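Both complexes below contain chain A, partnered by chain B and then by chain C.
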Partner chain A sequence: MRKIPRLFQMIGIILLIYFSFIVLFDYLLDQVIPSSLLRMYMFFIIAGVVAVFTFTEGSTEELLAPIMEMMENPEKRKVRNAVLTVMPILVGAYLYSQMVPSVEAPVELRSIHPAPPSSVKLFGKRYNLQTLVNPLRKYEKDDPEKFRELVREGARVYIENCHICHGDKLDGQGLYAVRLNPTPLNFRDVGTIAQLQESYLFWRISTGGPGLPDEAAPWISSMPVWQDFLTEEEIWQVILFLYDYTGHRPRTWEE
Partner chain B sequence: MQSGAKHGDKMRHLDWKCLLINSMLLFGSLCVLTLLSDPVYAAEELVEVTASNVISPPELTAADYPQILGLNSRVTVWLVAQLHLWFAAFVLAVPIFVFIIEAIGMWTRNRKYDDMAYEFIKVSITAFAITAILGGLLTFCLFLLYPHLMQYLSGIFRESMFIYALLFFAESVTLYIYYYGWHWLQGGNKKWIHLTIGLLLNSVGATLMFLANAWLTFMMSPAGVDANGVFSGDSWAAIHNFLWNPINLHRTIANIAFGGSIIGAYAAFKFLAASSQEEKAHYDWMGYTANFIAISALLPLPFAGYYLTAEIYAYSQQMGITSMGGVFAWLFIIQAVLIGVLFIAANYYLWCGMGRSEGAYRYNKYIKYIAVVIVAAFLVWFTPHTLILTNVELKALGGPYHKYLGPLGIMPAKNTAVNLMILFTAISVLLYRRANKIPTVSRVEIGNLVQIALFTAGIINIFILGTYYGYFTNTVYKIAASIPQVLTTLIIIGISALIDLVIYKGAKEVAPLHWGRIPDRAQYALFLVAVAFTWLMGLMGYVRSGLRQHWHVTDVFRDNSVEAFTPTLGYAASVVSVGVVIFMAMLIFIFWISQVSSQKTVVHGYWKTT
Partner chain C sequence: MRRVGLITTNILSRIAVGYAIAGLALVLPILTLADLGEADKGEEIYFQHCAGCHGEEGDGLGPGAERLLPPPRDFTSGMFKIMTTAFDEYVPRDEDLFKMVSDGMPGTSMPGWSDLLSDQDMWNVLSYLKIFSGYDEEEPGPELAYGEQIPSSAISIGKGKELYLEDDRCTECHGLEGKGDAKKRLLGDNSERTWPRNLTKPWNFLGGNDPREIFARISTGIPGTQMPSFADEASTKKLSIEERWHVANYVKSLEKTVEVVDPQNTVVKAVLVEGDVAETTDDPRWQESQPSTFFLVPQIIAEERQFTPSYDTITVRAMYSEEYIAVLLTWDDRTKSIPGDATAEKISEEGLAEDGVAIQFPVTIPDSMEKPYFGMGDVANPVNIWHWKSGTTDLPETVSLMNAKGFAEIILRESPDVHATGTYLNGTWRVLFKRKIATENPGEDIQFSEGVFIPVVFAAWDGSAAENGSRHTMTTWYWLLLESSSVWEPILAGLIAMLLVIAVEFWWLRNIKRKQLAD
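On to the complex of A and B.
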């Protein structure tokens, strides 16, 4: 059997990986792979594949042989001219497709967790967010029964105020969620409240969208300023509920 | 030959003069600063100083910041400081591994090591003069453009700044004795004296860096001052602030990796310019050693980085989130990409180097598997927490959260990935080292089996720690799990290296090792490593400094200059990139100068015959 030239082996492997990503994510898993990420992935996959194909002299020569043959052999003039004509057109077409303005809104770099201020004024008092802890958390060990009661109270607050956007399963799939961009936070995701201290949640819930810092404006969160509608204790209770229901633990520095 | 020697002498005299002028420049400027920080000399409006010698930060307005020649003060200080840091990192790192190589040469009595160590230190000598010039320029820039801040800092750190200036003299003297005395202090006790001077040089260099680190970490995590920034008078408390040791550790390791990469680029430059096979062989060996040093320091570097970041987070939730979750998160993605480039380029260089011997061909078939793991781990390593989604993708996903890629965006996945990258890079090194050898000891199979078992068990352990403890327990364990992961990696590397030493003791060579038989593209990989390191240091240096946001000294001394805002990421990346280009241009100048100094033009009829 005739061996496939190394150059075509390499191109074949790269294309195979590319389409495998699309088939796996877009069709089998039903979760599209973002094109920006796929481009980053492919850049380094190509680097890795080229590295494997060129680390020995023999392999490099074999890889380049068809190209050298095409460029240097006078008999390959037609093929050479065709390739040298088509290649720039393909590159140009790709660049054009990337640069041409479209009606789609531009993508935004959005940080899920903006950095909190070191201190914040809430409920008429100033809180130091570096040292602030949930005053109700102590009951988890000291008085488990009371703790369960506080969690239940937090659940009531959540259902009355939050579930319409954040969902009754706390997965960010509330009734209003489909009309919001960015969509409400999915608390069950390991990358959201599990990464944060309770003082952070207290700040975000209390100040809502308007309380977001300027560091990565424009902010487009539609979260209400909950300190205008809830008491301080209710916010701490709902925080207890968020962690209790999802099974996550708040970020702490000691057990 | 004689005229060449005289020319060399002249160059050395010139070096001495340059050094003296630079030292005096730096010393003078630091003395001026120290004097100005004295209450007697200080203008009242600069720093509020009371009769009881209390130093507190003033409240400034934009008008308090001098404007000189229309310069943008922040960008000027930023670029000069960064250039100074790059050169300083290089000249502090080179003596560390020169000392080690010299000691190896003494241990093995192999002259080759001694010659190479000398060549390494020779490269750093010109860089040393440039470091001093940039240090002097930085001091003047800071003093002229930010007088109030410098007044405050030098009031707190006056003793350490004065000691720093004195130590700079000690550094210069020890470095020059070490370099110029190299051929004089040879053999017997003289060689021991020379090695001791090397140790002294490194001790002084490390102390210099630790002192400067204290000043910059004080600006991030001030200590020894109250909530209003009033200095208590305890200088040690100000030096020994929360982030001092994490920065000391991280910078020491990073400097070695950076220094190794720059020497590697020098060797690559010389290799590509070499006209004889002998020269090629020499610079190939030099490049290999430099890359080995860079990789050795690169392996523990991510761990030092985690330690530093965890401490930053522990010191301030705000700083921690700003760095990796907030506004600087995208710079960390670039950082991840550059670290991946480093790993791929360093591995590629090793794989290309296996062509030096026919004996290595039997291992070529394994390289593709190593590459697959390294690239796969790398993809996980740089998958961002926040994905950039088009509106169509956003709609298709039903929100900005990706069910399968989302969990790869947080630290447990990245910890696991980086440990795998490190382990498989270690396998590359192991394969390279055993490529040309055939063991002669008995029970080789047992040794190999133990190594395979060690790697397999270790990788399983890293996966369990990364998945179970990373995703299914609380954050205390998530952070803590990274420590046993690191230990697992280090233990595997340590034990397998020991086993290799035993197995390959007195091993036979399969075929002659042809130094110089390496493709040019491997040399470009060495350049890539150096450029990636430089860029990385610049970007991460900006992040570290930018974490203070609108504060000169976090929470106690506000920056009220017109530039007291966090620039856009694109702007910051552009400034750093311009710095990288300037640094590389200066570096090429240094490489070129080292070529020129060894060239001689024979002229006829120019000089009078006497």
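On to the complex of A and C.
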């Protein structure tokens, strides 16, 4: 078997890494990787790979051999002329495309479920989110009748306050949902409340958009600060309702 | 051979299933539709999904009702809006009710349920809710007569337009251009406020917007509201079946096709103009400018909140010159709200205020993703707000400039160098804002610059819906872009880079030649 020239080995490795990034983020994680981030990763990767391939003088020579061969061997004239014409066009076109002003809005990525602070001030009190539990959850076992009552109260809180955005089917399709950017979350989806703890919801509902950390772009979220309008009890009730209606179970620390 | 056998049995079984389905389809309509539902099974669904709005007693007084306009239907009243029965019948056909539950009522909080409930569930819940009005015991009326549908054509639309305008038949409520710019204060049967539909936005029609549905609405009217029936023999404005098809075709033709929301478009593009920017709202150059339309949402974040807005979208255009930037805002408004004006007072809700519109920019254009909070900025990130108000009978229109760091910290700036002027015609406001590209106060005013994405928020107030202060509609952050005028720079840069590469290539080749000669 003929050995693949080292130059093509190197290019192959770089392309492989590049495409695996794209496959990993865009398809497996379903989160398009920002081009600026990708560019930064690729810069370090190319620098590293080139360093490895040019470690000794001999290896550098071997690496460049196909290029020198193409330039110097008169039999390769055709290939050489083709490459020499295409190169300047590519460079010119790339620079032009970079400088032509973009009319596409910048892509802004925000984290939808940012890591919560370990302790946070809500309703004028300090809470440790790592240990906080829904004080009403215990009735589910202890007093099922009272529990149904609390869920019904939660349903009332929801239909009075939340459905115009999150939808009365809890599907994120309320009357004003399409008018918002970013759009309200769909609680029936397995990727939202099913992944979260009740204390997380308590924090998110109480402090709303402005309570988000910076990586979640608090300046654009239209989620109101519900501690201004609801009582603590009502928030715990509406949380019971969210899980009850969707059939999801909250995450707990044991899991 | 075995293969073939398999395939033939497969085909045979499919044919059998096909016959079975066809057979069922023939039998089903023979059962009356109401028999498809079982009320006791519907009760549970009703309590889980419907009672929050329609009330446990079906009286439309569920806890959600208070903040909804139109209010949820009171099923005990026996009144339903969307019917395809003959005029004067009050029991809707089962298909009518089923369609409302399955598809929902656009533009209201009544959602469609077909994605969550099975057809059987929906029939069951209908059987249950008919008990509230006693319609479980009554037969629906006969279907209305559609006659022969007249296909839409220029001639039919022309005839429809004449009938629409004749005797103020539809204009009385829906206005000259169909935007619902009423001359009357209209109330529904439960004395709730109703507004004539904006016919240029047919995606908001409750009963659907194909001509057959529009024909049905013109024929039966909308019970419980002042939308009358034009099949009513007693009406002086009655229309024949043929005439109703023409009017339906005309209404369908009113649909707006520009100035509609394109969810992909988040950027208002301002083009560079020669000479001065537009000074008036009807400058012909606005026609060439590309519109961007955004949804407005009611402000429910800070007290006083607004739950029952009347505006739904706003359209923005922009242009700039060396010295000035001009932004034109247009939006449909059924009422010109001028406090002090007798007609305006009559049409308005209690608490008539001026109409208004505002644009918000960050004081400094951010160079990272971080922006001021979309609701009037925050302590670290102040915003500029340009606010135009339509004026009263005593005061002319006004424009003010505010700097805000959140709801609580608003400074009204003296002698703002922002200009604004508005005009109202046939149900649409057009307001023009104008300011210098650069001002003398870079610390307090946004300085516009070419080719960068500038965050922008819009807000609007319908004074006749008692919108005032923090009760208004608004958008979240979108972008304004002053399109760069330098077309030549990138081309030049590309060419120079190309020449450089070519030079390097020649130099390299020459070196190789020399070396080869030397060897």
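Keep in mind that, in the parts below, the second predicted complex is superposed on the first by the 145 of 255 C-alpha atoms of A that agree within 3 Å, B and C clash if a C-alpha of one lies under 4 Å from a C-alpha of the other, contacts with A are read in each partner's own complex, and residues count from 1 in each chain.
Everything that follows uses one rule, which is that a contact is a pair of C-beta atoms (placed from the backbone, for glycine too) under 8 Å apart; a residue touches a chain by one contact, two chains touch by 3 or more.
Model, not experiment: these values are computed from the prediction.
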{"item": "Which of chain B and chain C A:181 touches, first, second, both or neither", "value": "both"}
{"item": "Chain B versus chain C as contact partner of A:13, first or second or both or neither", "value": "neither"}
{"item": "Touching partner for A:101 - first (chain B), second (chain C), both, neither", "value": "second"}
{"item": "Touching partner for A:33 - first (chain B), second (chain C), both, neither", "value": "first"}
{"item": "Touched partner set for A:56, first chain B, second chain C, both or neither", "value": "first"}
{"item": "Which of chain B and chain C A:84 touches, first, second, both or neither", "value": "second"}
{"item": "First, second, both or neither for A:173, with chain B first and chain C second", "value": "both"}
{"item": "Touching partner for A:133 - first (chain B), second (chain C), both, neither", "value": "neither"}
{"item": "Touching partner for A:199 - first (chain B), second (chain C), both, neither", "value": "first"}
{"item": "Footprint overlap on chain A, comparing chain B with chain C", "value": "104-105, 173, 178, 181-182"}
{"item": "Contact set on chain B toward chain A in their complex", "value": "314, 316-319, 321-322, 325-327, 329-330, 337, 340, 344, 347-348, 351-352, 354-355, 364, 367-368, 371-372, 374-375, 378-379, 382-394, 396-407, 409-410, 471, 473-476, 519, 521, 555, 566, 569"}
{"item": "Complex interface listing, chain C residues touching chain A", "value": "48-49, 52-53, 62-64, 66-67, 108-109, 111, 113, 115-116, 263, 266-267, 269, 295-298, 300-301, 303, 307, 312, 369-374, 378, 381, 451, 453, 476-479, 481, 483-484, 486, 489-491, 493-495, 497-499, 501-502, 505, 508-509, 512, 516"}
{"item": "Chain A residues within the chain B interface of the complex", "value": "25, 29, 31-37, 40-41, 44-45, 47-49, 51-52, 54-57, 60, 104-105, 107, 109-118, 129-130, 172-173, 177-178, 181-183, 186, 189-191, 194-195, 197, 199-200, 215-216, 248-255"}
{"item": "For the chain A and chain C complex, residues of the former touching the latter", "value": "71-72, 84, 87-89, 91-93, 95-96, 99-101, 103-106, 108, 155-156, 158-160, 163-164, 167-169, 171, 173-176, 178-182, 208-210, 214, 217-220, 222, 224-225, 228, 245"}
